[in-house]
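To keep things simple, chains are lettered A, B, C, D, E and F as they appear, and every chain counts its residues starting from 1.
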């Protein structure tokens, strides 16, 4: 092959991520005001959801769509299950469940970076992949909460405060009405309803300036990652290894399934990225509340300080190289 | 007629309003950071003012302009007067005055949604309608403050604190220098001064991304409306009825006057919308300070939780259907 | 000459600056939320840096570039030196050093306004001028800190708290890793690396909406300047004079050097603007920390309330008229 | 260290200019202000939001010698009566520097 | 003026809804809330940031009569045990208006 | 509940890193920080604004046992002397959890 997928490391948005990392590493006082960071995050969710909805509107129900969503859903159950099983003997049930939720769920920003990657490479993919993103968000969370509840009921020592533990209904409510999750879903629906007419009026906002907004957001992520890396104390080396190896395993499984089902290159790549990515917005929002016994400096730090930077820098070109090699 | 004005309910911005309502109703934790909401609000005021100024710059003084501004000014005095007269027997003088100010003044965002509606329908309107918007903001406020002052001076019981009540001069100052009001005025002036040359450089900001910014803003409004609806306790049914019927009456009067004076369809529609709309930014900002005796959970809630959503969902297509039917 | 450089006073962005001044003067409650103001500031730094980097990427090393950067660096040492020498007899060593840093360093927003000015006039300039901006930021700060340290070591009275005074290393670190400085540098590098390909994807964000964002930012600056003018108490008239005369002197020297070295009109104008401008972001951020003995209501107020408004209103057309006259 | 009174006043944001005027008139010296607060009180819930900060509260903390507070509290009481809010007074020690 | 207890509770932002429920149940009356705070405690550093406010703390101040606080503090203690945070109680005078 | 000292320090935002260093050195344990505050003091008005937060203050609240504060206050005093600000100390009860 004559081209180099690692050339995307020279994309402005990715470079701003590196710049953020650098500024954080030299302890610059550079910072994005938190309300802006939140707005950028909402903007990205809106843009990606809307875009996916629009492209679904013009597409019919195809085998590729059914197969891709099937793989997505399968991975959403497989990853948390095997992660929990693997970590249970090494960590508390609560920490194992929290990490399972984190790696079983997905990162919308990693997905957006992957979409930008594909567009840069000129490779097509299905609009329904945004639906895959939505579908993969919740199953792992719900599994993790159930696992934690089981563990909790077996351990009467911690039952003294059961009175204030949120009820199962409340937690399900949290998982399904979380703002990030709902906005993605809502934008997808609105994109689907308004289709090309909607796209025409929204595109200067949701399309044209997306790269710049993403660059700003990734700069902030770089700053955040740098500060989290500094505090990272993963006593168990196995966790550090997990944070870097799990993405490779999950991506490989997804690629294998996509190949077996005859999906296209773009869809296979995005399924790999989704499976490899770990949540750092929706999952912590729900898990801190639902499994307070779990230690965020494990599950959150692994996700944000190791898996996220790995995926958007080395992961994307790696998965893409794997897919194009296999498919060619 | 072959087309359906209610199709605008499928505009992305309006759909994001419904989405916000939904997210609020299911008590999602979705929220727009307050500084962002304020920025979006300032942005919309700047964009609409600038746009109006630019289109005024290329137009001369016409009969349509004089007539439209005449109707606007007339409505700005008529609505608060009859509202106060109608409510005075049912509420305290302070509440009656505050509601009169609210319904006599206007909502800039409703106006923006109406302009977007017209553009979607491909119907022309005069740039001077932005001047109508500005003209209609203040008269009702000043009338209400005068009415409240009269009521206050008649009631010596509350005079003990007269010492700290703001003076008339201070209140006038507040009404005329309120940030939202001034920004609209300033942008109008700047648009007028810079004309097409200004438009060329500003349009990517004030024009192209407007729809997306409006969508974001209306999503936030949906969230706000949902939370206000929940707290809405309008003991007097008459107030709930008023919040929905007054817009219809006010729009009808405006349409009648516009018809009599031979205005165009676009101008007539916008005058109807302005008359039907109730203020929820400028008026509360001034009235809470100037008439602290009035209860915001009446005047503000009626405006934001009933009249605003009514106008931008059902009101716009209704007024448009009425105007096009009458004019055809 | 048939055209009028003062016509740029009618640029929308400059008019929004005047509007902000007006709103502040009439004590309107108009305000931009601080996180938005900070975002706009970061955005402008990113946009100008990126743009400069891109245009450097397509240019080789030229005599014009070497000469322009040479003049920039020379001015960055000359201005603080003569400023300190001039003020030392009139003020405390700390105040003199702080003002020297302020006037020796530069204002990125003034530079952006100057670039917009040139683009409006259709005059070319070198992309390396963004490098000149970066080069001129730090030398004055470092000179000032050294001067203040010398003064401090001579005055044993204030030595009691030497324990808590930041060390020289810490201050250098602050000066070089200041967020605004670093972002400018980083964006320049990213623009240089990604070149035209980067420009293509980033331009809707960093280019198209720049004027509108600048207008918003300058409106906020107007509000800020108005509030600072109100508090301005420059007992020493010499300081007020300095704030208005120093820009003229510095611009003249820069123009003279540029002329002698045969630089182009655009580059000469930008060197004049950079030399004339005074810092109000990076310098105060470092100096308040490093020279706490200096009074910000002198150095900061002179810069923001006098020199900044002077430069972006009268200064730009004046310097431009001077350059075009001399070069013609 | 020196004994002072710590006064903590919560009012709606739009009341701040009037409160500052009182503080100026009563010459209490320094104060610190936090804005964008939410809260609940007799006048219902303030969410800290609203496109123009309509529902935001602010909190002003004033450290001042006991002698200075009687007149101040008198004015503050009138303001609270008109616009709602709360005012707490407690004892503290001021670190001289 | 009237003696009250000033209760100051710092918790992670996501704990606020549960805390408000407690305050509602215990009918302590008014409260004031500041969000977007940062801090340090047993659970490490909270930076006040994160794209969804993941690391932000909030502080709730409640002024209420001494009689009302025993049950409240009981519930708050359980909440803090679960989610971390701190609660301080001190004396203050409430300015009646 | 356990008696503690409640220390409340207001400084310009840019002073925070130095203050945190002091808190680290003096091992006072937890603290809570609010930024973006405005205020007035000997050095004039801080508006809480400025494009880089130039005029914003921050408030740090520290609850710690009385024994721990002497050295801390010593360092804080030096910092305030250099950069301005205020520090109040009062009594409070800490709710154990």
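By definition in this document, a contact is a pair of C-beta atoms (placed from the backbone, for glycine too) under 8 Å apart; a residue touches a chain by one contact, two chains touch by 3 or more.
This structure is a prediction, so every number in the text was calculated from the model and none was measured.
Visitor: In contact with chain A and with chain F at once: which chains are those? Just list them.
Guide: C, E
Visitor: Could you work out how many touching-chain steps separate chain A from chain D at minimum?
Guide: Minimum number of steps from chain A to chain D: 2.
Visitor: Which chains make contact with chain C and with chain F at once?
Guide: none
Visitor: Determine, using the mean of C-alpha atoms as each chain's centre, which chain is farthest from chain B.
Guide: F
Visitor: With centres defined as the mean of C-alpha atoms, identify the chain lying farthest from chain C.
Guide: E
Visitor: By the contact definition above, name the pair with the higher C-beta contact count: A-E or A-B.
Guide: More C-beta contacts join the chains of A-B.
Visitor: Give, as an integer number of Å, the spacing between the C-alpha centres of chain E and chain D.
Guide: Their C-alpha centroids are separated by 19 Å.
Visitor: Could you work out how far the Cα centre of chain B sits from that of chain D, in whole Å?
Guide: Chain centres of chain B and chain D, defined by C-alpha means, are spaced 33 Å apart.
Visitor: Would you kindly tell me how far, in whole Å, the mean C-alpha position of chain C lies from that of chain A?
Guide: Spacing between the chain centres: roughly 41 Å.
Visitor: Which chain F residues sit where two or more other chains touch them?
Guide: 34, 36, 48, 81, 90
Visitor: Can you list every residue of chain C that touches 2 or more other chains, as numbers and ranges?
Guide: Answer for chain C, listing residues that touch two or more other chains: 31, 33-36, 38, 179-180, 204, 208-209, 285.
Visitor: Name the touching chain pairs, would you?
Guide: Final set of chain pairs in contact is A-B, A-C, A-E, B-C, B-D, C-F, D-E, D-F, E-F.
Visitor: Could you pull out which chain B residues touch chain D in their complex?
Guide: Contacts found on chain B: 31, 34, 37-38, 40-41, 161, 163-166, 179-180, 217, 220, 224, 227, 231, 281, 284-285, 288-289, 292, 296-297, 300.
Visitor: Using the touch definition up top, name the residues of chain F that touch chain C in the complex.
Guide: The touching residues are 12, 14-15, 18, 36, 43-45, 47-54, 56, 75, 78-79, 81-83.
Visitor: Give the list of chain D residues in touch with chain E in this complex.
Guide: Per the stated touch rule, the residues are 8, 10, 34, 36-42, 48, 57, 59, 73, 76-78, 80-81, 86-90.
Visitor: Could you please specify the touching residues of chain A with respect to chain B in the complex?
Guide: Going through chain A, the ones touching chain B are 33-36, 38-39, 42-43, 46, 50, 173-174, 177-180, 182-183, 186-187, 189-190, 193-194, 198, 201-202, 204-206, 208-209, 285.
Visitor: Tell me, which parts of chain A touch chain C in their complex?
Guide: Touch residues, chain A against chain C: 10-12, 15-16, 19, 22-23, 26-36, 204, 208-209, 211-213, 215-216.
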